[in-house]
Amino acid sequence: MATQHSRSIARLMMAPAVVLLLGWMLVPLTMTLFFSFKKYLPLRGGDLGWVGFENYVRFVSSSSFWPAVGTTLLIVGGVLVITVLLGIALALLLDQPIWGQGIVRILVIAPFFVMPTVSGLVWKNMFMDPVNGFFAHIWRLFGAEPIQWLSHASMPSLVMIISWQWLPFATLILLTAIQSLDSEQLEAAEMDGARPVGRFWFITLPHLARAITVVILIQTIFLLSIFAEIFVTTAGAFGTKTLTYLIFQRVLESQNVGLGSAGGVYAIILANIVAVFLLRIVGKNLDA
Amino acid sequence: MARATSNRQKLITSIIAWAAAIVIFFPILWIIVLSFKAEGDAIRTPLGVLTSSWTLDSYAVVQDRSDYLKHFFNSVIVAVGSTLLGILVAVPAAWSMAFVPSKRTRGILMWMLSTKMLPAVGVLYPIYLLFIQLGILDSRTGLVIVLMLINLPIIVWMLYTYFREIPAEILEAARMDGAGMRAELLYVLTPMAIPGIASTMLLNVILAWNEAFWTLNLTAAKAAPLTAFIASYSSPEGLFYAKLSAASVMAIAPILVMGWFSQKQLVRGLTFGAVK
Amino acid sequence: MKQIQLKQVSKRFGDVEVIPPLDLEIEDGEFVVFVGPSGCGKSTLLRLIAGLEDVTSGAVIINGEDATGIPPARRSLAMVFQSYALYPHMSVRKNIAFPLRMAGLGKAEQNRRVEDAANVLNLTEYLDRRPGQLSGGQRQRVAIGRAIVREPTAFLFDEPLSNLDAALRVGMRLEISELHKRLATTMIYVTHDQVEAMTMADKIVVLQRGVIEQIGSPLELYRNPQNIFVAGFIGSPRMNLLEGSEAAAHNAHTIGIRPEHISISTDKGDWEGVVGVTEHLGSDTFFHVSCPAFTNPLTVRAGGDVDLSYGTKIFLTPDKAHLHRFDDKGLRLT
């Protein structure tokens, strides 16, 4: 297939994409790195000179840092647990013969396609508002005091909202994986005397292990940079400031660019660690 | 599973499945209902809501605010624009990677995917600054460029996988039949690649329409798409549930419809082939 | 006239030399078959002639002109692929017309030639269907039709019958041979099936690991294999290749005798043995006989009516006139 003639044309055709992405990566990254070593406050004096690693130290030692780490871990971990467990359950359910299967799938997939700002605001107001929200009305129906979701139970509320958004993704991936399982394997297990639970535990689940890992890795990468849902519901209040939100506030709200940039570098390193694992799996698949 | 499950079993699983589906879909269902109610009715108890009269007032009010249509068009332009631009850049790249692979192809592909994993917040300020200096802050052009760049890895990836599914022998046959590069591309490759290109475009429009980081931070009154417009309801005045519902329904309806058609593409595009 | 020549052509993929430098000449109008086991380089050789792969060194000469650097489109060769490689989005008519369209022929001329080809190949009623609606055999014919319309210098076939079922294969073999007689154009045919090679070829090129083991007509290869590989490859069932004291008795390291050249007797003969598994084809019977003189069982052919049960003691006598002798390097001893 590859002759000398086609090889040079190929290189030319790849050029625009490679150049653009290279630029997209290098230019802003270098700038972030640059800013992280400076004291730069555009609203209060501008460029105030080099400060070495001071920003890096200040970011980590600030009183908001560790809470932000905790919040991030809680949100990512909480959403992962819920979406993976429920995702497996839903995927198993949807794999069964059901009446109206097409429509059930559509209904279950829908939340993923709702834009995050709509999602956040709809939950915050129409459902979680302690006065007029759906939950408030239901709670009152049973004579209970409505929960102040976003102010008193902000983390669970956020985890609930984000899990709602991402459950379809996990379900879809896991369903695809389940359906790729060769039914002959399950039939062989049945002939060997395994019952439904046994078949699930010894055949289906190991087969799903790969897909579950992928779901966890991909969701982690996207969940680490969750933004809009927090932006429109709590704006970081009530202890819902994740690392991403903290950096955002430093950079765009309080305009302490140097400090925020150092935070950004931390975020990039963190994401890269997760990415390495994901890319290894992707790479294995590319060779297959 | 070819064996017939008993009808009773099917009934039970169907009931459970439908129950789960309705619970999951309920928020969307509810705002569709609320969108057809008056503001005063929208804050009543669920029973009160359902028994109150239906009206198109909320839709009318939202549409009357001329901002809404402007933001809608912004979303359309930004989503479609970044998709078209992305396709323009990605098709040649994916072509060459699929049909003239070299030792570095795999590495380049993985590197491209890794750029998608870059946390946006890490480059927020530089991009913000660059946009101010280039005069494209709060502009549709600026958004189109950014959204194209963040989704380019996915577009390239998806096109690559679709192109690889085209049997190489058919292209060789075209070459033996006397087709030069132009003819091969025009008469053989493109017709066979069109379904794949269409699927990729569909997924990308969805991703760009729903993008809620850059669209929130790089726009103000002029270029804000629907994501940002809806976000403005986070500090509302007075009663607004019905209006928010109407605005939301209009904002998400096109994507819900498109999404129903693109489930397979979603798996292909967002798992980077790690799940088949 | 030598129509296609390969001069010291070699091919390397990365570090692996798939085809060491070889020479080959193909005459005008010949039906040449490249045959050999999987991985022997026969398809690679075909693709080098077609121009779908570049040679690492050497020259490909077509009709007296050096075609080595020329792209496939301009070599005036037509290829029929193993998977037929039909354009799925075009009708049969458009598929066959495609090369003519590329050559710039007018619509009327295109149609005329397409219909001629369709006539020859019995495709006329399928002209407006799409490949997806055709059976394997029909697709095969469309692929051939697409090749014929170009009136090329030579036809190249890359294992075209591998994807067809057995019965269809026999029929298509005859059709391709007919076609060759009718068109009198050079055909280069690649297969791993030695039956196809024997029945269709004017000249067979036997390849192993990129090296030409022997070139000759089917009967030449059958009667005078130059080495053990060719001896064992050509002829079905396989020639019996025997070593040990019996071989030494004939002044050779290995002797070979085909199943059809051994006679059986229940009372006397050169080699004593016991009947094992028997295969009845109706027209012939093949016995697998274990002889103490040899490590592996021998295959012996007998008439369709001969029946010997498992475990019967028999005697085998090879026809000396058809006994082949090979030295310790596997080469033929005269």
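Note that the chains are named A, B and C in the order they appear, and that numbering of residues resets to 1 at the start of each chain.
To be clear about the criterion, contacts are C-beta pairs under 8 Å (C-beta built on N, C-alpha and C of every residue); 3 or more make two chains touch, one makes a residue touch a chain.
Nothing here was measured: the structure is a model prediction, and the numbers come from that model.
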{"item": "Farthest chain relative to subunit B (centres taken as mean CA coordinates)", "value": "C"}
{"item": "Core chain by centroid distance, with centroids computed from Cα atoms only", "value": "B"}
{"item": "Centre-to-centre distance between subunit C and subunit B (centres being mean Cα positions), rounded to whole Å", "value": "54"}
{"item": "Whole-Å gap separating subunit A and subunit C, where each centre is the average of the chain's CA atoms", "value": "58"}
{"item": "Rounded Å distance, subunit A centre to subunit B centre (Cα mean)", "value": "16"}
{"item": "Where subunit A touches two or more other chains, by residue", "value": "1"}
{"item": "Sequence positions of subunit B contacting 2 or more other chains", "value": "172"}
{"item": "Overlap residues in subunit C, where contacts from two or more other chains coincide", "value": "52, 71"}
{"item": "Interfacial residue positions of subunit A with respect to subunit B in the complex", "value": "1-2, 6-7, 9-11, 13-14, 16-18, 20-21, 24-25, 27-29, 31-32, 35, 90, 93-94, 96-101, 103-118, 120-127, 131-132, 134, 137-138, 140-141, 164, 167-169, 172-173, 176-177, 180, 183, 210-211, 214, 218, 221, 224-225, 227-228, 231-233, 235, 244, 247-248, 251-252, 257, 260-261, 264-265, 267-268, 270-272, 274-275, 278-279, 281-283, 285-287"}
{"item": "Subunit C to subunit B touching residues, read off their complex", "value": "50, 52, 71-74, 77-79, 81-83, 85-89, 98-99, 102-103, 146, 150"}
{"item": "Residue ranges of subunit B touching subunit C (in the complex, touch as defined)", "value": "167, 169-170, 172-180, 183, 187-188, 191-192"}
{"item": "Of all residues in subunit B, those that touch subunit A in their complex", "value": "1-2, 5, 10-11, 13-14, 16-18, 20-22, 24-25, 27-28, 30-31, 34, 43-46, 89-90, 92-93, 95-97, 99-102, 106, 108-115, 117-130, 149, 152-153, 156, 168, 172, 181, 206, 209-210, 212-213, 216-217, 226-228, 230-231, 233-234, 240-241, 244-245, 248, 251-252, 255-256, 258-260, 263, 266-267, 270-276"}
